Structure formats: structure tokens, C-alpha cells
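Got some structures for you, see below.
The two complexes that follow have chain A in common; it is paired with chain B in the first and with chain C in the second.
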Partner chain A sequence: MLALAPYLNLAISGAVQGLVIALAALAISLCFAIARFPNAAIGDMMTFGAYVGVGGQALAAGSIVGGGIAAVLATTLVSVLTYLLVFRRLASKPLVASLIASLGIAFLMRSMLTFILGFDQQTLRVPVSRAMNFSGVRILPIDLWLGGLALLVLAATFLLLFATPLGRRMRAVAADMQLAQASGIRSGRVMIALWAVVGALSAAGGIMVGIKTVVTPDLGWDLLLPAFAAAVLGGLGSPVGAVVAGIGLGIVQELASPWVGFTYKIALGFVALIVVLLVRPEGLFGRPELVR
Partner chain B sequence: MLAYPVAIGTVAGIYALLTLGLNLQYGFTGLLNFGHVAFFAIGAYVSALFALAGYPAALGLAVGTVVAFCLAYPLGLLCLRLRADYLAIVTLSFSEIVRLVIVSEDWATQGTRGLAGIPRPFSGLGSGTAEVAYLLLVLGMVAVAALLTWRLAHSPFGRLIQAVRDEEDAVRSLGKDPAQVKVKVLMLGSGLAGLAGGLYAHYVTFISPEQFLPIITFYVWIAMIMGGSGTILGPLLGSGLLLLFLEGSRFLRDVAPFVSEVQMASVRLAVVGLALVLFMLYRPQGLVAARNRA
Partner chain C sequence: MALLRVSRREWAALVGAAMIAAAAPAWAQDVYRVGALNPVTGAGSTYGSGMQKSIYAAVAEVNAAGGAGGRRFEALAEDTQTSPEPAVLAAKKLIEVNKASAILGTWSSSVSLAIQPLTQGSNTILMHTSSAPTLFSQNVRNLGWGFQSGSKYNGRAMNAAVKNEGFKRPAIMAFNNDAAVGNVNAFKSAYEAEGGKIVASVVYEPKRTSYRSELEKVVAANPDVIALSGYLPDTTIILREAYELGVNAKFIIPGWAAGPQLLQALGPEVSEGVLVYESVPDANSAAFKRYSEAYQKALGSSGEDNVFAAQAYDMVISLALAMEKAGPGSDNLAIAKEIRTVSSPDGQKVTSFAEGKKLLQAGQKINYEGASGPLDFDEDGNAVAIFAVSAITKGKYVRSYVLN
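And now, the complex of A and B:
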């Protein structure tokens, strides 16, 4: 038991990181399922959410809940705006156009943040608490809170997708846009709802990273590749796959770090991605590609 | 006074080589390579290590080009199985892996400390003349690369790669294998990036992993998209414009002194981002539109 403790600690810390990756991967995967392109702006949307959280917390007299609410509202708004101003108009063009535009939006958002706020680290303040110790296995209460929060957000997203009329319409649009439109679904509204969900998920992910570490301009961009890896591993467009792969990736990265070191830990996600794509291009949970 | 335009011209030439390489991959063949900087880095490091070991610069440049060319082969095999958007993610990841390897394997690369003291060719000619000679070398390489691209684009192979870009299924139905074509193009473009990397290493004389961040890939993308992908003139024009902008923004501070140097970096990134979005919305074909494309 005693020898296992360090690994359990790593696994726990990996699971929390994995939940953050899962939130971002879910946003990417949803975006891909319905808007049909890999959205590179999601990383910087997370960064934006974290910064709004810092500002919101300052305004709300130090309340992290206030900061979180401000972050979700602002990021949701920005996400919907990117759709209305840019992605809606590129929907009929090849996927590449949206992908490149999303990169542009990512750069634009990050540079506006650094122009106004500089490159200094910011922090989201939470009460400091002592780790609970179970014969060597240490659990930080904040990790439990973060894990619970992430699970709650994920559960809410899945409820929305699979148990509400709006979710059914979203999945219909994802399956076949034209058929959905022919059946009387207003795809424009569904798209706005989708982008709102993508924004809210990004904000939640950004806030979680901000609480766990510090808020920097590169926070989201650094998470983007692991999140893409998880989304692809899980099968792009498969929400369940994205979440499972995200958590799995977080745990594997942490467990591997004693052997491969810190730098290669990051590379591990990419290697896993490349291997899975070679063996099973449709991802772990994806269905084989259909010709559309 | 001449030194400054010569410096800008040299870097613009290096970017032009990178852009021609990417243009071969994306502009002519439709491959979404988001990891171009990886081969730039490989070319730079291989060529720098050769030069530091005492071999002549020409040998280092050649080996760097060949290594980048060859290392694109395994990546090419991978992309045979991937759709366009997956390829973008995998190549982006690949470029980060290459950078992480450079950071970690410090027995060869000196890690984050970087490689210093890379000799610059023609230094025997004395300052001033040496820089001009190097500029001519770089521009000569650009001219050769542009000419070869032109020849390639108008050869049967060129028609084949453009067919792969426009209608892959049709190519397959005619009994040609798009996968083979893609691998070859990926290798050619990466070789050009490797050459650009070698020229860059010998020009700046100091390289470190921080010079090979993904942002370089996107600078090359914006140069290609601004200029016009799938043309020869477009990438040349685009890399010139990119350099004018990157350098010109230095002078912007004379006009707007209230903006700090750190903030200028943000402004540069903002303009690149905005340009990407606006070009995609209003002029996806770039400034120089290809004639034979819808």
C-alpha cells in the first residue's frame, strides 16, 4: 500500500488535470460535431475566461463564485459573437477557411489580453487548505472541489445534449444539417446555442486551470494541443469519447512523468495521438467515417 | 544605411523559401501542414551542428536540407491515413515534439541555452560586403526554388498534385495513388523549409528552441494566404509584405510612443490574427489569385 501511495497521488493530480482537458476536449468535439471544423480559438477562449474570472473576482469583493459567473457569461457572449461575425459566414466555405479564421481569432484574443494586461501572472484566489492524508495518499480539498465542479459541468452538458429538446435538435443538426432543416429545426438558433455551450465549457475549463495554477496569456494555448489530442483520441464529434480520453490522457501523463521527465510528459499526449490515429483513425469512440 | 534593407531582404528571402515550401504543400496539393516550423528547426540545427563541428557551411546546408527532406517521410506515411483536419493537428503536434526534443536533448543541442557562434559564410569579405553576398546567396536560392516550383507546377506531376487538391476521388478513379503524391510533396516542401532553416542559422549565428515556436508556422501561413496560395508570385509577395509589416511595426512606435515595446508584440500578433480572419472572409484567394482555380 505504502509503495502505491506516490502513484495514487500522481493519478489523483492527473485526474484533475484530465478533467480540465476533458472540458476543453468536449468543447472542441461539440464544435466539430455541429460546426464541422476543429476550432483553434477554444484555447484562447479559456484564457479569456480565466482573465475575466480574475477581474470578476476583484469586482465581486473576492468572491470566486462571482468571478466564475462573470467568466461564463462573458466567454459565452464572445463565443456566440465569433459565430455570428465570422464562422457563420464561413460555414459554406471549405473547412480550412474556418480553421484558419479560428487561429486568427485565437491570436486576436490573446494579443488584446496581453496588450491591455501585459504578460504578468494573475491569480484566482481561493482559500488555502491543508491536504487530507490517507496513509500517504494526499488529497487537496480544492482538488475535490475542482473535480466535483468539472463533473457537474460535464453532467449538465450531457443532460442538455441527451435529455432536452434543444439537445435533441443539436444532435439532429450534427447528424444531418439539411434533414434537420427540412424537419423544421431552425438551425441558426441551434448553432447559437451550440456556440454558447462551447463558450461556457471553455470558461469553466479556464477558471479551473486558473485556480489550480496561475493565469497567464498562454494558459489556453498550452492546453489546446492536449485537448485536441483527447478530442481526436475519443473520436472527433463524440462527446463521451472526448471526456473519457481527456481524463485518461491526464492520468497517463502524470503517471508517466517519473519515467520520461517533465518535458517529454507533454510529448506523450502527441505520441498517443499519433499512435491511435495510425491504428484506429476514427478514434477510440468514433464511428468509421461516413461519406457525406 | 544599406545594412538595414540588406538585413530585411535576407530574412524576407528566408521566409520566401519557407512560404514556397508550404505553398507546394497547401497551395498546390491541399495538405494542411501546421508543423512547417519543425523542418525549419531541423534544418537550422543540423546545419548549425555541422558548422560548429568544423565542416564547411555548404555541406551543413546540404545535409540539413536532406535530413529535413527525409524526416518528412515518416510524417508523410502518417498523413496517408488522415483527413485534412487531422493532418493539421498531427503536424502541429509534430512541430511541438521536435521542439521538445531540442529542449530535452541538451547533449547535442545545448537545450534552452541554444547554439551560439555559428559561423557566417563570406565573413572573409569584410563587413558590409559579406552581408550583401549572403543576401545574394539567399535570393539566389529563392530564385531557384521559385523556378523549380514553376517547372513543377507545369509538369505532369504538377497537374497531378493540383488534381489531388481539387478532386482526390477523381485522381483515384484514374488509377493514380494520391497517397504517394502527398508524401512526395510533403518531403519537397519540408526540404525547402530545411534549407531555409540552415540559411537562417548561418545568418543569425545563434539559435535556440524559442526561435522555433508554432507562431513561425503561422507567420508563413499568413504570408502564403496574403500573397495567394497556389501561385508562384503570391508567396514571394506575401513574405515581402510580412517582413515589411513585422519590421515596419518597429517604426510605428515613433508615431505612437505611448505604446511600449512589449505591447508592440501584442499589436503585431493582433494584426496577424485580424489579417487571417479578414482574408478568410473577404479575399480567401489572396492578393495574387490563381487563374485556374474556382
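And now, the complex of A and C:
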């Protein structure tokens, strides 16, 4: 047990790091499945959520739940707005138009946050508590809370996707937009629902990262690359894949650190990504027909 | 001949240009342009605005005293965004478009290192507040001047603090860049030169969501103190995780990673007992009081909180005194050579530009004692600062002692 403890600690650390990006990866994957483009604004949507969380917490007399609810509401609204004002108009254009537009939205959001609030780091306050120690294996209470929160959000998303009529329609649009429309599905409503879910997931992800680290204007942008890696590794368009790959990448990185060191563990995640894509180009859980 | 055919419009432009050129000397003496290239946004934003305002205040002071070496100063403000790429673009603009002869007040080593080739290639003077060793080892023609103590001195300060506190098993954690790694390496060589041994050492990457694995590796060696060399965000995360994991070792961190935001983020319980080493201005000196007054006026807060602004202020004064010493019409290389001599310990002590200018005109040797410190530059062009150690006690920084 003793010899195993350091590795278990590494695995736990990796799982938690993976979990915080899993929600962003899920948002990217969903967006790709249904709106059919890689949305680079999701990182800055997370940042926005984290900042609303900081403001909401201050207004809600220090309640992190209040901050979280404010973040989800505001980010959902902004996400739907980006669809109505920008992405809806670009839907008939090639994929690259939406991708570039999402980059533009990302820069715009970050610049506005910086302009209004500055670069100073902000904090989402949660009570700090000591780790629980099980013969050398340490578990942080905050990680349990974050893990619980992530599972809750994931469960809600999957319930929506797989157990509600709306989710069925979303999946129908993802499978074939024209066929779905021909079958009488009003794709406009489905898209609004999708962008609301993407916003809510981004906000929850932003809050989790903000609690674990500090809130700065670069918070989400810095996580975009690992989140994209997880989404691609899991198979773009596969919600389960995004989450499993996010956590898996985190664990692989940390477990490799005794051998490759703390600098190259990051590269290792991408090596894993390349290897998987060479062997299985559609990703771990992807189906080839999802990406036409 | 067709060769010299000039249209009417071109004549008008020519005449206009000639008139402007002829008019210029009537309203201005020669101008020496300095670029105030500071971290107004980004990780250094806590300091950047204060640095820029202090440069402007010092420029106004020099001009009020009649300029330096027959030239009036003109400052141009730019933002590095605390990031090398925008900083390089801004430096290029300052040098090539604005014809700035000196760039003052770059913060963070990654920024100063990125600019150094540009300034050296154009004989521009670069005065910075960065500590990366290569800034000094690659310094040529006296063009680079470091007003913040470099890695060598930071390492010595850490060593002195660790000795003073009686620690026996120090470990090292450093942010992966030239300056932070340089600082802990300097600490390591100073500590091990005296027969000690560093028990563990980790270099960590920026922008991670957790540093738990890095911490656990260091803690496995059972250190009694961890010399943590990083910046504010990563330091915040590491100190919080160390508390959560129940790490018993104390931490010693540099002043630029501390500040009020660290206390605010961590709260009194988590931050209790963290040691902070930093270079400090001599708050009793006359130059500091003059700087501090200008700072208070421009920013409405105490100049004591921003040692980098004091350094930025001194950059202008040192440069102006060197220009005065080098004499009218001197080029940058001649000016750069005098920066050390106007504040060398064997001259007569002065604490302002006006005072120094008067003595220089009387042909005397001077020693400018600045707002940020005595400004005695070493052979690499690095000012040797005064260091002090504080301990965070009940959510406040409490100054413990000054290091020698």
C-alpha cells in the first residue's frame, strides 16, 4: 500500500485536473456534433462564467452557490446570444467562417473583460480544508465537491440528451440536419437549446477552474488546447468520449511525471492524442459518420 | 530636363516641409526620446501604471531643470501587456517610428529578453527591472542596465534569509523560465557553496490547474523550507494546495509574487508564516521622498508599495545625469558609458537631477543615490539592491529584518 500511495496520489491529481477540463471538452464536442464547427469561444465563455461567479458571489453575500447560479444564467444567455447574432447567420457558410467568428468572439470577450475589470487576479471563495489521509493517499474535500458537481452536471446533460424529447431532437439534428428538418423538427429551437447547454457547461467548467485556481482573463483561453485535445481524443461529437478522454489525459500526464518530469508531461498528453488518432482516426468513442 | 520636373503639388509639399523644418528649432531644443514600455496590463499590471507615471514625473523634473546635456526629454508610453510578443511590437514602434533612443522600465524577464536584441541592434539603451542571468551575461556596449537585482543577488538574499531563519533542509520549486530558475539556481550554488544540501528541486510549468504532484514530489524529501520562485497566480495555487495537503515546511517567496492580492486570495489562515524576501527602497532617502510625493500625486497611493516605480523613476534621472556628464550632442554609446560613473560611490552624493546637474557643470564627480537604492552598478550593469524579509502574520506583511 505504501509504495502504491504516491501513484494513487498522482492518479487522483490527474483525474481532478482532467475533470475540470472535461466540462469544457463536453461543450466543444456537443457544439461540434450539432452546430458542426469547433467553437474556440468556449474557453472565454468559461472565463466569463468565472467572472460572473466572482461578481455573483460578492452580491450574494459570499455564497458560492449564488455565484454559480448567476454564472450559469448569464453565460447561458450570452451563449444563446452568440448563436442568434453570429453563428445562425454563418450556418450556411463553410465551417471556417464560424470557426474564425468564434475566435473573434473569444478575443472580444477577453478584451472586454480585461478592459472593464483589468488583469488583477480574482478569487472564488470556498472554505479551505485539509486533505483526508488514507494511509498516505490524500483526498482533498474540495476535489470531492468539484467531482460531485461535475458528475451532477454531466448527469443532467446526459439525461437531457438521452432521456428527453428535446435531447432526441438534438441528436436527430446532429445525425442529419436535413433529414431532421424534413421530419418536422424545428431546428431553430434545437439550436437555441444546444447553445444554452453549451453556455451552462462552460459556466460550470469556468467556476470549477476558478475555484481550483484563480480567476484571470486568460483562465479559459489557456485551457482551450487541452479541452480540444480531450474532445478530439474522445471522438468529436461524442459526449461520453469527451469526458472519459479529459479525465484519461489528466491521469496519463500525472502518472508519467515520475519518468518524464513535470515539463514534458504536458507534451505526453499530446503524444497520446497523436497515437490514438493514428490508430483510430475517429477518436476513442467517435463514429466515423459523425464527422463528414 | 525630365529628371527634375516637379509638379506644383510636389512644390507645395516641399515648401511646406521646409517651413516646418525651419520652424522646429524656434520652439524646441533638441529632443531625446525615451519609451516608457511598461506592464500596464497582464501579470505585471499591479506595477505598470505606477512605473509609467513615475517615468513621466521624472521626465517633467528633468525638463523643469532645463533638460540634460542641452536636450529636452520626451516620453512615449507603450504597454508590454507583460508578454514578449506585444512588447517586441511596441519596442519596434518606439525605436523605428518614434526614434526613441532609450527604452525604460520593461518588467519580467521574458519581455526584457525579447527586446534585448532589438535595442542592442539599434544602439538603444535598455533599462529594465528583470533578473534573468542572460540579460547581464549578454549585455554589450553598456547598453543594458538592470535596476532590479538579478538572479545572483536574489539567490544570495534567499540564502541569507534561509540561514537567518535557521532552516537546515531547503527544497526548491521554480516556475519554468530563465529568471525564476536562475534565481533558485543562484540560491542553490550559494547554499551548497557553504556546505549545505538542497534536498529536492522541481521546475514547474505555468498555467496548470493544479500543482499537487509537483508539491508532493518536493515534500517527499521532507524539507523544512521550500524556496518557491514564481509569480502571483501559480504562487497562490501552490500555497493553497500546500495548506490543503498539510505541508509542514515553510515557504519563502519573492516580493513580486506576493502583494495584497495574495493575502486576499489565501486568507490569514493559509498565508500564515509565509516568508517574503524583496528588494526595498530606502524610504528615508531624499530621492525616495521626491519620488513618493510624485507617485502619491499621480496615483493616490503610497509609492512604497511599488519598488519598480521607484526604479523606473531612477532610470530617467540616471539617464539624464549621464547625458549631462557626456555633454551636448553625445551619442548613445557615450551616454551609456556614463550611467555607472554618475552614481559610483567615490563621487559626491546627490539626490536629485537638478543637484547633480549643478555639480556636473562645476566639473565635479557625483554619486546619485536613487529612490530605489544606492544604484551602485556591478560590472554587468546590475544595481545591487537592499533586501528585506517579511513574514505574513495574521493576514498582514510584517517586516522582520533587512538583509546585508
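As a working rule, the second predicted complex is superposed on the first by the 288 of 292 C-alpha atoms of A that agree within 3 Å, B and C clash if a C-alpha of one lies under 4 Å from a C-alpha of the other, contacts with A are read in each partner's own complex, and residues count from 1 in each chain.
Throughout what follows, a residue touches a chain if its C-beta (ideal position, glycine included) is under 8 Å from a C-beta of that chain, and two chains touch if they have at least 3 such contacts.
Since this is a predicted model, take the numbers as computed values, not measurements.
Once the two complexes are overlaid on the shared chain, A:Thr114 sits against chain B and chain C alike. Once the two complexes are laid over each other on the shared chain, residue contacts for A:Thr263 go to chain B and to chain C alike.
In the superposition on chain A, A:Thr123 makes contact with chain C only, not with chain B. Contacts of A:Leu140 after superposition on the shared chain: chain C is touched, whereas chain B is not.
After overlaying the two complexes on the shared chain, residue contacts for A:Leu166 are found with neither chain B nor chain C.
In the superposition on chain A, A:Val209 contacts chain C only, with no contact to chain B.
Contacts of A:Ala131 after superposition on the shared chain: chain C is touched, whereas chain B is not. Overlap of the chain B and chain C contact sets on chain A: residues 114, 118-119, 261, 263, 266. Of all residues in chain B, those touching chain A in their complex are 32, 78, 81-86, 88-90, 92-94, 96-97, 100-101, 103-104, 218, 221, 225, 262-263, 265-270, 272-277, 280-281, 284. The touching residues of chain C, when paired with chain A in their complex, are 41-43, 45-46, 82, 176, 202-205, 207-210, 212-214, 216-217, 220, 232-233, 236-237, 240, 243-246, 261, 264-265, 267, 269-270. Against chain C, in their complex, chain A makes its touches with residues 6, 9-10, 13-14, 16-17, 20-21, 114, 118-121, 123, 128-131, 133, 138, 140, 142, 209, 212-214, 216, 218, 222-223, 254, 257, 261-263, 266.
The touching residues of chain A, when paired with chain B in their complex, are 37-38, 86, 89-90, 93, 95-101, 103-112, 114-115, 118-119, 225, 228-229, 232, 236, 261, 263-264, 266-267, 269-271, 273-274, 277-278, 281, 289.
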